[in-house]
Amino acid sequence: MLNFQCDYLEGCHPKILEKLAETNNIQMPGYGNDPYCGSAREKIRRACGAPEADVHFLAGGTQTNLTVISAILRPHQGVLAAAEGHIACHETGAIEATGHKVLTLQPSDGKISASQIEEYCKNDLACSIREHMVQPGMVYLSFPTESGTLYNRKELKEISSVCRRYGLPLYLDGARMGYGLSSPSNDLSLADIAELCDVFYIGGTKCGALFGEAVVISNDSLKRDFRYFIKQKGAMLAKGWLLGLQFDVLFEDGLYSGICAKAVNYAQDIRRAFEHKGIPMFGNSVTNQQFPILNKEQMEAFHPDFEYEVWGKYDESHMIVRFVTSWATTEEEAGKLIEKIHSIP
Amino acid sequence: MLNFQCDYLEGCHPKILEKLAETNNIQMPGYGNDPYCGSAREKIRRACGAPEADVHFLAGGTQTNLTVISAILRPHQGVLAAAEGHIACHETGAIEATGHKVLTLQPSDGKISASQIEEYCKNDLACSIREHMVQPGMVYLSFPTESGTLYNRKELKEISSVCRRYGLPLYLDGARMGYGLSSPSNDLSLADIAELCDVFYIGGTKCGALFGEAVVISNDSLKRDFRYFIKQKGAMLAKGWLLGLQFDVLFEDGLYSGICAKAVNYAQDIRRAFEHKGIPMFGNSVTNQQFPILNKEQMEAFHPDFEYEVWGKYDESHMIVRFVTSWATTEEEAGKLIEKIHSIP
Amino acid sequence: MLNFQCDYLEGCHPKILEKLAETNNIQMPGYGNDPYCGSAREKIRRACGAPEADVHFLAGGTQTNLTVISAILRPHQGVLAAAEGHIACHETGAIEATGHKVLTLQPSDGKISASQIEEYCKNDLACSIREHMVQPGMVYLSFPTESGTLYNRKELKEISSVCRRYGLPLYLDGARMGYGLSSPSNDLSLADIAELCDVFYIGGTKCGALFGEAVVISNDSLKRDFRYFIKQKGAMLAKGWLLGLQFDVLFEDGLYSGICAKAVNYAQDIRRAFEHKGIPMFGNSVTNQQFPILNKEQMEAFHPDFEYEVWGKYDESHMIVRFVTSWATTEEEAGKLIEKIHSIP
Amino acid sequence: MLNFQCDYLEGCHPKILEKLAETNNIQMPGYGNDPYCGSAREKIRRACGAPEADVHFLAGGTQTNLTVISAILRPHQGVLAAAEGHIACHETGAIEATGHKVLTLQPSDGKISASQIEEYCKNDLACSIREHMVQPGMVYLSFPTESGTLYNRKELKEISSVCRRYGLPLYLDGARMGYGLSSPSNDLSLADIAELCDVFYIGGTKCGALFGEAVVISNDSLKRDFRYFIKQKGAMLAKGWLLGLQFDVLFEDGLYSGICAKAVNYAQDIRRAFEHKGIPMFGNSVTNQQFPILNKEQMEAFHPDFEYEVWGKYDESHMIVRFVTSWATTEEEAGKLIEKIHSIP
């Protein structure tokens, strides 16, 4: 059985495993104060063209989102996000548990726009009883989005510009960053993102690491005391070098986007296979997640050899399902799936 | 240079590393729903003589403490703990950040007593304006304590009995559980702990794992919806099998306490070396942490070959320092330190 | 100038003022432990046909909502409410600040339905990753709604029945309860509400009191330790008798709904005047708030003699505005407004 | 029976009652945007010699403390306070419920000192794992203290100076401010307090008002968005003019400290009566609370004619009890108590 349900089904890139074995017996200072974290920070700063950025390593995505967002917002503020954003839907109210409302905007193909943000802010400023409303305090984007789409440079520039005009820090959740950066449709570099966002994270868990996310803070005013927030939220790993080491490997010789590029290619092949078959796709994903709209018979055709995730109902007789490739997907595995697609009714 | 600052300086036991390598390419379901977590749960239940217990795996200690404590308490309740307890001192207010006060009791040799808890509860019940005070809602113990001491069976029974009389769930933080269980002075088994406590955790990070803690919930009424709390607090690892796998290895053939026993033995040798030298020890640690009281000259004698942690001021001319052994400490390393102790002024 | 912006423009019913003067120099125990609170509690219990209910007095509505809701929910739960509900829109994220998400349903004429709640719960139960979602933990209704409409007995019974089936406490916000109870369209009594809801509050601030709301808890399992929550949220008035005394007066001889009935009658007269004029009304308010849809010229016609509140945009050339009567509105004042309505273009 | 248990036993000063009656039927804008609030703000600014200060009115003390403190602190910060401070003991963990630890210092005669604060900050700065500790983020004082003592100008200057050196906003809880200002031992003016503190509140509830506290923010950087916090915490009274009106009366012609001065005089007479009797006093209260140390027989001697509050145990055979006078205490009442004191065994 081949599983295409998600991109966190395997361990880590073999080079990381090697490094873990190599360093296993070496005594290392705790809490991220080790040479591997140091080296990884340096490589990430360089990749981001942001020599002054602060870089922190945390274990997982929900943890990172709640730590960053609660560190930025004041008590009366909320975070603007797409209604289908991860923080709005799939984190058991982690943001609310830190005291803050997620203020939602209806996305289009997974994305929210600069003009939506601007309209929200304008309405807020025009309101005569503003202090009875949650104040918009920052903006959250995913890159890629939950739907596998990407903000292009123009869109991100516009959003960044609105955010700066209204004093809203811009935070980008890059849980699948590698698949975004390496998509043929992408025109954004890490340096662009570092310049246009105030803080973002580079996902490791889904992009070749065992676990771990690298938070990059480019806005000076958000740097202060960030390690306190990491510790308070339970996100400071005692053996922090485990995180640093992984990013140190991933950011050597372009490994990070290299291994993700492959996955995006396979995903595009899979998309084309569905389209060739005349099966409609939900949304215009240009990354490693693909969302065909299948009827019951088609859904069953994949059993028992392939697993996918049921994403939601499309209409009375169709469901949206999700197939995901990852850095670990092989050509052979992608090939088998494509073959199966060609054969479904 | 040999580092005795803490017990999280090395990676993990080689058997874990092996298993990680072995399983690295196998597709595994996420969020702890994998066979390794299943097997580890079963082994832990068996070791605890608690076939009905719920077992969950989280990444780190602060995370575990804040998740468990905030899951148990109602909004107006606080947690009773030793004033030097980890949650009271060294977690950046993680418990308060979930809305709860840590109610402190003065420990004696690191431990609080049943009678202190009872007195606190009696005073609370007798208070005419009880609703103006934080209600005691649970009790937190560390085993071993921050000072390396251990509750014995009699003490834990008494505490458990008071807790049950006053309706207070008893939670035991076992970050260094392995060093407690394997101490020659210990008379408590995991089964005793499971019976006497309502929830506790078996520490992995400091006891042979790369990272990870296993929460055991033996009280039925605390089991409900616990996975929600794990997810909400950002403590649910996507690749949950990484945690299960480690505990599965550690709970095979007594590895967990076996590798910790060695460390406790070395620590006792180190203690005896200090005592033989006429250097007073702070507290009666019977586990892997030892706290000699050194003057300046003695402190310097260890440099540059040995690192220890400065624990606090003892008097104008003496400091309490901490030497810690771990599962990774070798006989040779312990020997070198003991030799050095013999040679200090 | 006559102000119809809201129903908290005047002080209190003269009988309350009298009583305040009468008792001003009498020494009274604090925190609600006085004879006036006792007597008011008794009268309210009687009015609710709920001799076992707990009754508490708090100072204001947002305070009451946040105290009740955070007392009921567990950390991973949220409260289901109409998207236009007060807690969802106009309390500066007070609920989120206690750690809980407001889960919104699209209301129809201000109301949510039993079937919407049931569908939400069914979807939640069917979800394969439930613990990644906020768990619905209670339901919040307003009576009257923000739009001035009322749940009828059948609707409330159905909602209550769904709530009980899914284990969701039902909470009813009665900030304007008096105007609901005394509406000719209403078929619910306080006793019905006490029976069908688990907790609700009877609004004083907008219904004849200087300030104050009476929380009625009919569900035994929600009674425990409620005074702790009141105190913790800063909602326990030192001179609690000020609140008890007001409700004691309002619940003597039917004063509460008597003074509200008048206001509802005037509001219906005002509605009819608009309708007679051919001006469309927004929603079917049967209580003391009325929402005509006016064009710019019509809006200006009321100036400078009458004040109303701008409620929102209807279309490019029309706004929804709100006219509100209260217990303090006189026949003469209502008459003048109606005369003006007849005269507008 | 005469009650000396506390200073919130009666309603309000008759002039306030008069004004309430006078204005009862006048339509007034809500939420503190009325002329009475405006006028009261102006008078308070003048009394504080702080023309630029922001002044807000809230209903009660716990509410004010939790609103101010949670508005100032960042998530990883705590508030330094005397271990017997109101926020540390008698507010059901209201501060912790907003996410913040109360960091306690041992007071001497109810007061903490500049050097204690400095030492705390120095130790914090010197700590090698600062981010594992709660960061001190502000200082809380009570004036008068819980023990009825007063900071003098020299002490407050020193505290203020340490606070500014370490960047800690200084907040003074003036629940009984009137009794402090009007004590013969006091050398601080409202203007001194406004200059030396960053924010403080002038208590109304215990000093002649029905209810209400006036928050004065003199530090510009703490002014922003404060109304949001008031609303979010449920502390914004719909009929805000009720609060403004009361302070407007109290700050006319020195009424506020005038009516409190009388109470302090009586309290000093009561103190002298105890001392004359040879009964030791607990602490050196110079305000309206007095704490004699009584044996059982003496305690009973006051029954059934006088009520006091039992404060705590002094030794096996003695209790500390509290007698409190207020603005409402008459010469005759004080006289009767003094007479009784003379007669006890």
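Lettered A, B, C and D in written order, each chain numbered from 1.
Going forward, a contact is a pair of C-beta atoms (placed from the backbone, for glycine too) under 8 Å apart; a residue touches a chain by one contact, two chains touch by 3 or more.
Values in this document were obtained by computation on a predicted structure and should not be read as measured data.
Colleague: Sort the other chains by how far their Cα centres are from that of chain D and give me the top one.
Modeller: If we average the C-alpha coordinates per chain, A ends up farthest from chain D.
Colleague: Which pair, A-D or C-D, has more C-beta contacts?
Modeller: Counting C-beta pairs in contact for A-D and C-D gives the edge to C-D.
Colleague: Using mean CA coordinates as chain centres, what's the chain B-chain D distance in Å?
Modeller: 42
Colleague: Based only on mean CA positions, could you tell me how far chain A sits from chain D in angstrom?
Modeller: Roughly 50 Å, centre to centre.
Colleague: Averaged over CA atoms, how far is the centre of chain C from the centre of chain D? Could you give it in whole Å?
Modeller: Taking the average C-alpha coordinate of chain C and of chain D, the gap between them is 34 Å.
Colleague: Out of chain A, which residues touch more than one other chain, so two or more?
Modeller: 75-76, 91-93, 97-99, 129, 131-132, 135, 228, 231-232, 236, in rising order.
Colleague: Taking the touch rule as given, give the residues of chain A at its contact with chain C in the complex, in rising order.
Modeller: Interface residues on the chain A side: 75-76, 78, 89-93, 96-102, 128-129, 131-135, 310.
Colleague: If we count contacts the way the header does, which residues on chain B are in touch with chain A in the complex?
Modeller: Touch residues, chain B against chain A: 2-3, 6, 8-12, 14, 17, 20-21, 23-30, 59-67, 91-94, 97-98, 205-206, 210-211, 228, 231-239, 242, 328.
Colleague: Any idea which chain D residues touch chain A in the complex?
Modeller: 31, 70-71, 74-76, 98-99, 129-132, 135, 225, 227-232, 236
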